[in-house]
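Two complexes, one shared chain (subunit A), two partners (subunit B, subunit C).
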Partner chain A sequence: MSDVARTTEVAAVDSPAIVRPKFKLRSTKPMIDRYRWYEALGLYAGLAVFLFFVLAPFIEGFLVSLKPLALLFSTPYSFWPSNGSFDAYIRMWDSVPLLGLYIFNSFFISSIVTIVVVIVVVPAAYAFARFQFNGAGLMLGGFLAVNMFSGAVLLIPLFRLMRSLGLLNTYWAMIVPGAAFLIPSSIWLLRTYMIRIPKELDEAAWVDGASRLYTLRRVILPLAMPGIVVVAIMTFIGAYAQQFIFALTFNSKSEFMPLPIGLFAFFGKQEVIWNELMAASFVGVLPVMVVIVFLQRYLVAGLTAGAIKQ
Partner chain B sequence: MTSSRSAVMFALALLAPALIYILIIVAYPLVDTFILSFTNASLRPDYDFVGWANYLRIFTAGNFTEVIIRTFIWTMLSVGMKMVIGMCGAVLLNAAIPGQTLFRILIMPPWVVPMAIGIFMWGWMYNGQFGMISGLLQNFGVIDRPVAWLAYGDTAFWATIVTDVWIGVPMVTIYFLAAMQSIPRDLHEAAWTDGAGRFYRFRRITLPLMIPAVLTMSLLSLIATFNSFDIIWILTQGGPSGSTTTMIIDTYKTAMGSRKYGEGAARAVVICIFVSIFCIVYFRAVRKLSQGEAK
Partner chain C sequence: MSQLSLKHLEKSFNEARIIKGIDLEVTEGEFVVFVGPSGCGKSTLLRMIAGLEDVSSGEIEIGGRVVNDLPPVQRGIAMVFQSYALYPHMSVYENIAFPLRVERLPQAQVDERVGAAAKVLQLESRLQHRPGQLSGGQRQRVAIGRAIVRQPKIFLFDEPLSNLDAALRSEMRIELMELHKRLGSTMIYVTHDQVEAMTMADKIVVLDAGTISQVGSPLDLYHRPDNLFVAGFIGSPKMNFIGGKVTAADGTTVTVDLGALGTIALPRQSRSVAGQSVTVGIRPEHLRLGEGDFALTVTPNIVEHLGIHTVTYATLPGGENFIGLFEGDPDVPEGTPLKIGFATEQVHLFDQAGLAVY
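So, the complex of A and B:
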């Protein structure tokens, strides 16, 4: 890429059509990527507005968690917590006695969902990536069609199904339907990844007398591991970020509630103790947020792998 | 190797767990919804078939048509805003300026934090007396007295849209950014050599090549937004006086609030029909587009 950039730069010097900046910027960037000062200013201003929109609720949430209730419920509005303190972070453990359990439940449910999805998806993705059989395309289409329906649409029969399976008010009432709606896109993602593993490897193993299952286990699985990691992370995030409706409808026992539902009960009260609610939210999502910063590369990979044409 | 009988059996064995799982947890409930929509099922264990009565009732009595129209407006506004803001975000994050990596990480929180938690924070921001939006707008003199955004029909309608856009934007932005980066750099460089400015290059190179990504993302967010439940349920529960009741909220209220499973199922079937129409239209559009490219 840098070679291309250099050649075009040479071309640009010869070309009279290009107006070069009057003063020289000491930059090693290719000319095409250089910005005039007002362009850079515009970009940063745009980014500031954009990031403010994205982060405003978190900024406000954090500032609220520092404000004492008296300041919170006072007019006129003050953005900055002038006499802020971390009191709410201590008192919240009394106001929401099960907070620790909610945080654990959220994590636990998402982890089990991830394990279930990976176990189900790896063989299925391999089957779609490697074997031609009648109806393969139709079946894959059928799986993807699941994405059209949300849990909310199928809530009534799912509720009846969970009731007749005796799963209501257990962890499974949230895990089983949660995993179902994450399976189709995971199959699609991992299939895309597995198609790129050379077929010759399977065939070589086959010629050497390895059984099909052995080939999958010893040849394909190690090679597909990066793809499986991406799928696992995407599934975890999906399960973690979207746990609401099943937990709201299929479980009423506080000891199984994930964080959003546990706090929603708190939110529904007549007088919401906002600073503690915000503090609890922050503490609840902090562990996952820290992990995400390290894993963001995989998230981008996961989101965009499906983007590239089949 | 791949076409032999044993290979097919092996493939089907590999597929079996996923297939059985989806058949039980998604396909069966889907069929059950269709069946239930023709019954008067409720909390009682036994129910009778009532033919088209549920469908007749929802379309003649009550305000179902109004709910459908509202859902469409809500969805279109939200998806449109997500696409525009996502595109602007992708352009900004694609610029080669210092801090790029940090900015790309900073847009992720709404996507990875539990949706409900983000919505709680919006709930406070919309508070009229003490919330940030009303407060800051008053400080800047845009409004002269507190506005409780969730207390009035039209402001609540817009407030739920804004929150939905906020949740959807990071994903759209990252997706668009990736699509933008996959555009061959040569094209930009060739145009640049010929003296094309940034804006011209964006309009004539970036935008046309982004059409497939925009189409894919519009369908994905159309489905997600049409089925959006958490935001409205947490912020307004469909109120005030029904002004944010979309089809999903309406279905949930009928089924889980009033325990009218049969009628709720009929409403759910209508949602399924609409979503299927979206998908058919989408695939038609994609086919037409790729034919146009081949010519």
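So, the complex of A and C:
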């Protein structure tokens, strides 16, 4: 709504006795943030279109999960679940008894991948950010190159590797390649973050007698925490998303299966139980949402304020 | 006894020689200032003494011990960085205590030393704050506090005041000088600001392109600069330089032809400058309105009235800038020719190599 209008209104109520100001009272917002009503309307309309575009699949998915199966195949198709219920959310546990385990597996694999990645990436990023060594540029370039291949391209060599390492049909079959493909981009991300931490802090600590590891632990880690949290979130989401292909290829034991494979269980011989499938998807995504909501509180900017004169 | 001595110190980054052979002795308790234009290597030299840069050749001796290969903490130095380098996630207390935590000192001793430093620096009420909540001057004091608790033999300051505004800078300058008096430790201070150098130093080391241009007390450098570089660097406003040619040097007097400005006779014993192209230097503050041993007429194109001083800027016939500094508020309008005189004993003479002739 227009701020200009609101401010004028308030002013008029506040000062009925005083002579009406000749000029309209101006909004207190900075010039750069002032919009006319139609500009604001345009902005929100644009936002709505964009948001709808992004969220439409989720909305439809959610609506599907509420509909009885019969309604899904009705013609004409009705988007609105007229006699919707949460039945699918209850029945899905019976249709696929291992569903809980699948969700746990997904969560478990992603968590382990995240922990492994963070443990590996923090010292690596610190080294790439602070040390000059031969081949640093080459290695960073190599990491970038690795990112250009998706895991799918390398599935067959990876399969042979997993087999010779005896990792097939274990959790490790999904954790190891998952972590391996996420480490390079995380190193890039965290390295950039750590470069922004002033080098004088390392030097000051070094002059005061601190070792490299002590400096990393007491000075760099706390300051890089927002960056590390970003890396952790990205890794967790990445691991959650990419499990499908690794689980499909390297694992055939259903007790180790993550959710994306587990969802296949809803594909029956005759029909697909779409509403329960959607319900299971939403329940499966829930842990990720919880993690993000929990971690994003730590994404506080400005933690480096006051380190050096800006 | 000399506490720090640099022996033919050199530093190269790849092909570039940054420090080109520096010899220097620093006595215990001295306040030494390294001054020079940016890029002259003064910070690099300080970082070499600190142990943050390795030495390409030469020796650094602290307390009679060669420390070239010792890490900073074993050199008995503490350093204050230009950017303060405070740890933003720690309280002021923990920032100051950081070196002691590294040493794993018992808590009682940490308390005692941090308390003492905080008292000296008037930070007692700020100990639980974060650096981000402090003003620039207080942050600087925290950085100094972190240096004090180590009880070093030598303090190294790398342009510590250059991030502060002018008023705070002169305040902190005085605080630092008081601190030096109280602690009595050796301090080495890097700055590009010659006012800081002049006011604080016992001994100024003027650096130019990786070499020492001159070492001496502030007034030494002011009154008897060894060369054109020091003459031009020390003093504000800058010394005026006028190019000329020596027409006669008879052992008591050197006569210099200044072209359109006339001829000036200077009391100098040197005979070797005869026939050379030389530079005559006169400080703006040594100029008087009216007659003198030598007088010239200039037309100031800019006049600054500072109340206590009046500064005039003019261009000489030879193209050199000519600055005059006069006490009080004399009537010197812009664009009107002005007669300026000075005493020949206050004139500096530099030979064609730029070295002072006495």
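The criterion applied here is as follows: the second predicted complex is superposed on the first by the 234 of 310 C-alpha atoms of A that agree within 3 Å, B and C clash if a C-alpha of one lies under 4 Å from a C-alpha of the other, contacts with A are read in each partner's own complex, and residues count from 1 in each chain.
As a convention for this text, a residue touches a chain if its C-beta (ideal position, glycine included) is under 8 Å from a C-beta of that chain, and two chains touch if they have at least 3 such contacts.
Model, not experiment: these values are computed from the prediction.
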Contacts of A:Asn83 with subunit B and subunit C, given as first, second, both or neither:
neither
Looking at subunit A, which partner touches more of its residues: subunit C or subunit B?
B
Scan A:Val54 for contacts with subunit B and subunit C and give back first, second, both or neither.
first
Give one of first, second, both or neither to describe whether A:Val219 is in contact with subunit B, with subunit C, with both, or with none.
second
Which partner does A:Glu200 contact after superposing on A: first (subunit B), second (subunit C), both, neither?
second
Just subunit B (first), just subunit C (second), both, or neither: which does A:Ser164 touch?
neither
Touching A:Asp208 in the superposition: subunit B (first), subunit C (second), both, neither?
second
Classify the contacts of A:Trp274 with the two partner chains as first (subunit B alone), second (subunit C alone), both, or neither.
first
Thinking of the overlay built on chain A, is A:Arg130 touched by subunit B (first), by subunit C (second), by both, or by neither?
first
Residues of subunit A contacting subunit B in one complex and subunit C in the other
203, 206, 303-304, 307-309
Inside the complex, what are the residues of subunit C that reach subunit A?
50-52, 71-73, 77-79, 81-89, 98-99, 101-103, 130-134, 136, 139, 146, 150, 163
Mind listing the subunit A positions that touch subunit B in their complex?
1, 4-5, 8, 11-12, 15, 17-18, 29, 32-33, 35, 39-40, 43-44, 46-47, 50-51, 53-58, 60-61, 64, 72-79, 106, 119-121, 123-124, 126-128, 130-133, 136, 139, 142-143, 145-150, 152-161, 176-177, 179-181, 183-184, 187, 202-203, 206, 212-213, 216, 237, 240-245, 248-249, 258-261, 263-264, 267, 274, 277-278, 281, 284-285, 288-289, 292-293, 296, 299-300, 303-304, 307-309
Once bound in the complex, which stretches of subunit A touch subunit C?
198, 200-201, 203-210, 214, 218-219, 222-223, 303-309
Could you pull out which subunit B residues touch subunit A in their complex?
1-3, 7-8, 10-12, 14-15, 17-19, 21-22, 24-26, 28-30, 32-33, 36, 85, 88-89, 92-93, 95-97, 103-118, 120-125, 129-132, 134-136, 138-139, 146, 166, 169-171, 174-175, 178-179, 182, 185-186, 188-189, 192-195, 198, 212-213, 216, 223-224, 227, 229-230, 233-234, 248, 251-252, 255-256, 261, 264-265, 268, 271-272, 275-276, 279
